[in-house]
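Listed after this line are the structures, all set down as structure tokens.
Look at the two complexes coming up: subunit A is in both, with subunit B in one and subunit C in the other.
Entry: the complex of A and B
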């Protein structure tokens, strides 16, 4: 029977061909070891949960000092509030890019850090006494940027700021507004933190269990969230927009993050610190498994070096370039924009490594939309 | 043996049972209807045709625009037309209407291009030329003189050759060093499937990626022949089912596997198709639906044979030539994608990119940046970032936007980085070229930088 021979021949050829690669290719790594569950567990336990825990502690402390400040607006309570505010704002930077799961459902980032804050509307609300922070349109009238305005921006000096909370005819309204912002901020952070905890919504387990790389998997969500955040917030909102990159070359200093306290550079540096720690799976001294280690195990190369190393080096470079921007950013963008330009182009370079090279190497579809391929 | 005119005529006019054509008509119509339903169910009409503020057109088809909420009407017409095809009701008109409306929809936006949409389009066009309504149809029931039990074999041959071409060219495209000797891109695509039951642990073995690559290439190149020969056909069909089911599990390719499995049945014998048709009729009879069949053998011949065979011949000729047009362009095809579409290059490469558009207003000397995500959907942005013709179109769109904003003569340059098959991203286009000065068209795009393999 002719066809039997044909099939035998086909089988032989296929079999032979399958053996062929072992002679033509000298592979360093025969098996690509991939076990994502422990990786996700490490990221949850070493990075995400401690990050939210810190933020939760700092926001709780900040709320307490704001309460004291509201009871007795004075130089010493203002100082304490400011220092707790800055601490909490910095803690926010290292969890800001986890925009998936509970943080996504609660739209945490938009609720706690939409900047620039709409000080004009805030003042209007203070005068009318009508405070509603739950509307979608209230996102740029609350959160850290609103606190930044209250503690640093309502007056030019500490005395005039304190006056706004003491002798000013609307001081009671203003105090109520500040209390509402503080309360709202705590509530949002508290909700997300508890959703992650085992005793609460236990999203930690869901996160570890979804260990595929498809669109809905933890890996897919995490990488998509990170690259979108890095593109639109780390690069654009923090550096690019004040630099005029999105506004026909006209600088917009007042759009800088933490415009009133002038801590933009420190916050942006902290954000990159957080991203680097996230990649390494690090939490202080404790170094667990992170995307870096996973990428390393995939053995992907970029211009002769390991992509994992290239990525970390470029992130470090971006961090140091951002740290080099003279503070306050809203001033230096007018007088000496060159360091910010340099930081921006390094951020740009790193974005390409994240969005193109890393996503490709991980086999993750960078897409926020479901569709067919072919 | 000399191929003579009489020979060819003999092959074309050899009487063949109409049954394979009937079954193909019904199956193909069904899968079209299901695909349309699925498309609407996922809200893709809205996502692909209503929400985007800009659409990438095919060169020369810039007049094809979405019809707003009329898109729902168009999809409704397509659904009716596919029902017409299934039932053989106003069959030729139905097939033609389906072809025209489906092709119109596909021409709206290049970023929705899929090889299997193109396949559906050309199959629908072919259907309009086939006498697939002359049995087991409402048309033949209304007009008994349409009845035909036999048709010229040429009609079946056209379908078989077309389907064979799809596989064969898909196989030819796999004969490249990345696919065969580096198991790329499958070695990137398979490892994420370690979670699959039973075979999961194999998915990150390198030899598996090689085996899949080589088997895929051999399968595509040989399957048309194994399907064609009677003795190998049953085994080949089992291979077709296994192959397409595997691709269905591994890749997000929607309805394509089912379309191909159903299409492969046109290679089956008349006997097989007759039996299927008869058992289907007996089911209908049990349902007390009267199906009148004409037991008298009758042979249908087209009234204007020169026109019909001429059209089908030219059609196949174009299909054979089209995939080779890439040879008219210099450079790496996978990098430049000049002549990439309409050539059955299916699931062939892993490509990702990112584009930064640098704008300069020569009047003020100011420079700034534009990003695609402000104007495009994620899918559009992803598609644009790796395809030069789309980047050019988008640059021209940006130019128009900027002119509307009062900038008289903006300069638009694109800094694009692309990674091909997981290799380090590199500069894709000449970042010094002002894209507003470049014309769209089929000519060689010299501003695409050459691909350097490290």
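Entry: the complex of A and C
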């Protein structure tokens, strides 16, 4: 009798407790056993911050050499400027896909690397002398692509390029425009870098603290940003669009990144290098825990192999196929498009691994969408 | 989320039973599960006039879209479609219908709509003839991303198709629900609910309620069928109510209130009817505010991606969904804030070319503050 009564009471109490919302939440929390903060800290300290630091150094150096070029436009200063420009543009490639947090708020990529650049409007502005780079409509008239145009595209030879900055009737306006682009580029990079730094906006801490997997978490933002960037820029803008993938097979060579300097392939390869390093949690010599290690610890398999390994192998394959595209891409896309086709299909294959397999293994909802709908 | 919806349902049930208790003297009645009501074996529901207007807007939108695809639009035809003059529609039943969109538009908006229609035609002509690309301060066409799909926009970046279609969803459909059919003059105590309208099977009050429901544009068995919303119903408020449903439970919230209110009218249980009216207005407002936040999120993404065509498209949507809130008779966000959103946060004087991430954050904050239920879902909606 007594036993029965106790049992009944127990049943009641359990039943009642389970009706409370907190019970449901507790069950949910049990699933999340892994602490992702160390992973996020490693990514911040070994990949993101060093990446921005390098870019910041290179952009600072580029700004200095542009200043010298503007004081004295000559073959030697042009060479120095070009070489610093190439270096900074390559450093950009390894941080370009961190489109969350400060880079998102400052719309960093759109501000520094919208291509193709609108050289027609740039020339109009040079003639009128009216320069305003801080507008939405200016995004395709500044940044690295505009510099690419200034250093390689304003004339057919080095002599005619230098003339544009010396004897040309609009040379003063052109110099002012170039100075403004350089300043703007530095300001945007500087802002984002400082927002990440502990001594600045300390987004580093925010990034480490948001250690869930929901839409607003660091993992959620990072994986979405990577996938979206890889899809729209690495695959489409860099390779697919010049190749005619979005124009019914009609090629668009002038839409290649760095069209004037012809360094598209080198930049695209560097970008994939950066993505691989990001997976591995490293930047140059610095090496820590990355998504690769985390994914490995989750033990997810893909056709009998570890998904982490399949992913990294496919990314390496994509990088080597991209590197195989003959330079300049704007020429080879006309004369020998096959290597680019091969690279494009490998990029496509890897995108599925990132967007579908990896995202679901990590429990991340891909929330960005194609904009083609209503 | 599930817990929240459950508790919300709990509250509704609780409220209902509470009211039922107070109204003990009133006869009991059953609330059906679908929006179907009969008297003497025949249906008492009719909202054909509303369906006609939804169909008119569908045709108007399709015509505007053809302008986005390069057709030179006739401003006369656009204005005639708006006013249903000179048989402008493909669907002959619409041409013979006595209904039109213009005379049901909130009076403050009629001039604005007509200006947009005329400008849409002008810009489409320029695009068709000169292939004019839009730039800051210049109307023309702009590509959405690299989709190959173009939209025509005015000099402020406003997409004509969205401003007109989504705009009329607010200034006609919501306006008619809020300020006409659910107002006291249509369903209040002065309205006849004793006698049948001559030649019809419904009372005036019943019919007015049905007309409000008609503007929602859902099937009578919504949302208890598969698919929840068949393709032919995927438009206007039905589509957006359904779109917000996974996170906010808006389908049942609205339909239950419409069905309960209609049953209450027939049973002459007016306190219950009035309570449903409040639920309906709140839920419609929530759908619009939530959809605005949804498009703000898309806008932020496109702004970050440097995709101006998609940015202006989603901003145009967001703008219209914020604006629709102003037609609510007791909106939770005040008019001064709506004006601030439309005239400052969406760019100075609403010029989308001057939009900033900060401005978009401001809109999001204002909306989630006024509609706190959106706070938890503001990033994923």
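In this text, the second predicted complex is superposed on the first by the 334 of 374 C-alpha atoms of A that agree within 3 Å, B and C clash if a C-alpha of one lies under 4 Å from a C-alpha of the other, contacts with A are read in each partner's own complex, and residues count from 1 in each chain.
Definition applied: a residue touches a chain if its C-beta (ideal position, glycine included) is under 8 Å from a C-beta of that chain, and two chains touch if they have at least 3 such contacts.
For clarity, every value in this text was computed on a predicted model and none was experimentally measured.
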{"item": "Partner chain in contact with A:249 - subunit B first, subunit C second, else both or neither", "value": "first"}
{"item": "Partner chain in contact with A:213 - subunit B first, subunit C second, else both or neither", "value": "first"}
{"item": "Touched partner set for A:198, first subunit B, second subunit C, both or neither", "value": "neither"}
{"item": "More subunit A residues in contact - subunit B or subunit C", "value": "B"}
{"item": "Set intersection of subunit A contacts, subunit C complex versus subunit B complex", "value": "21, 24, 214, 232, 236, 246-247, 367-372"}
{"item": "Contact footprint of subunit A on subunit C as seen in their complex", "value": "2-3, 7, 135-136, 144-149, 298, 300-308, 310, 313-314, 352-355, 357, 379-380"}
{"item": "Touching residues (chain side subunit B, partner subunit A) in the complex", "value": "42, 44, 47-48, 114-116, 181-183, 187-189, 191-192, 194-195, 204-207, 210-211, 214-215, 218, 222, 226, 229, 231-232, 235, 251-256, 346-347, 350, 352-354, 356, 359, 361, 364, 366-369, 371, 373, 377-379, 382, 405, 407, 417-419, 422-425, 454"}
{"item": "Subunit A residues touching subunit B - in the complex, by the definition given at the top", "value": "1-3, 6-7, 10, 13-14, 17-18, 20-22, 24-25, 27, 29-35, 211-214, 231-232, 236, 240, 244-250, 298, 300-304, 307, 348, 351-353, 355-357, 359-361, 363, 366-374"}
{"item": "Touching residues (chain side subunit A, partner subunit C) in the complex", "value": "21, 24, 99, 104-107, 109-110, 114, 121, 135-137, 139-140, 214-216, 228, 232, 236-237, 241, 246-247, 365, 367-372"}
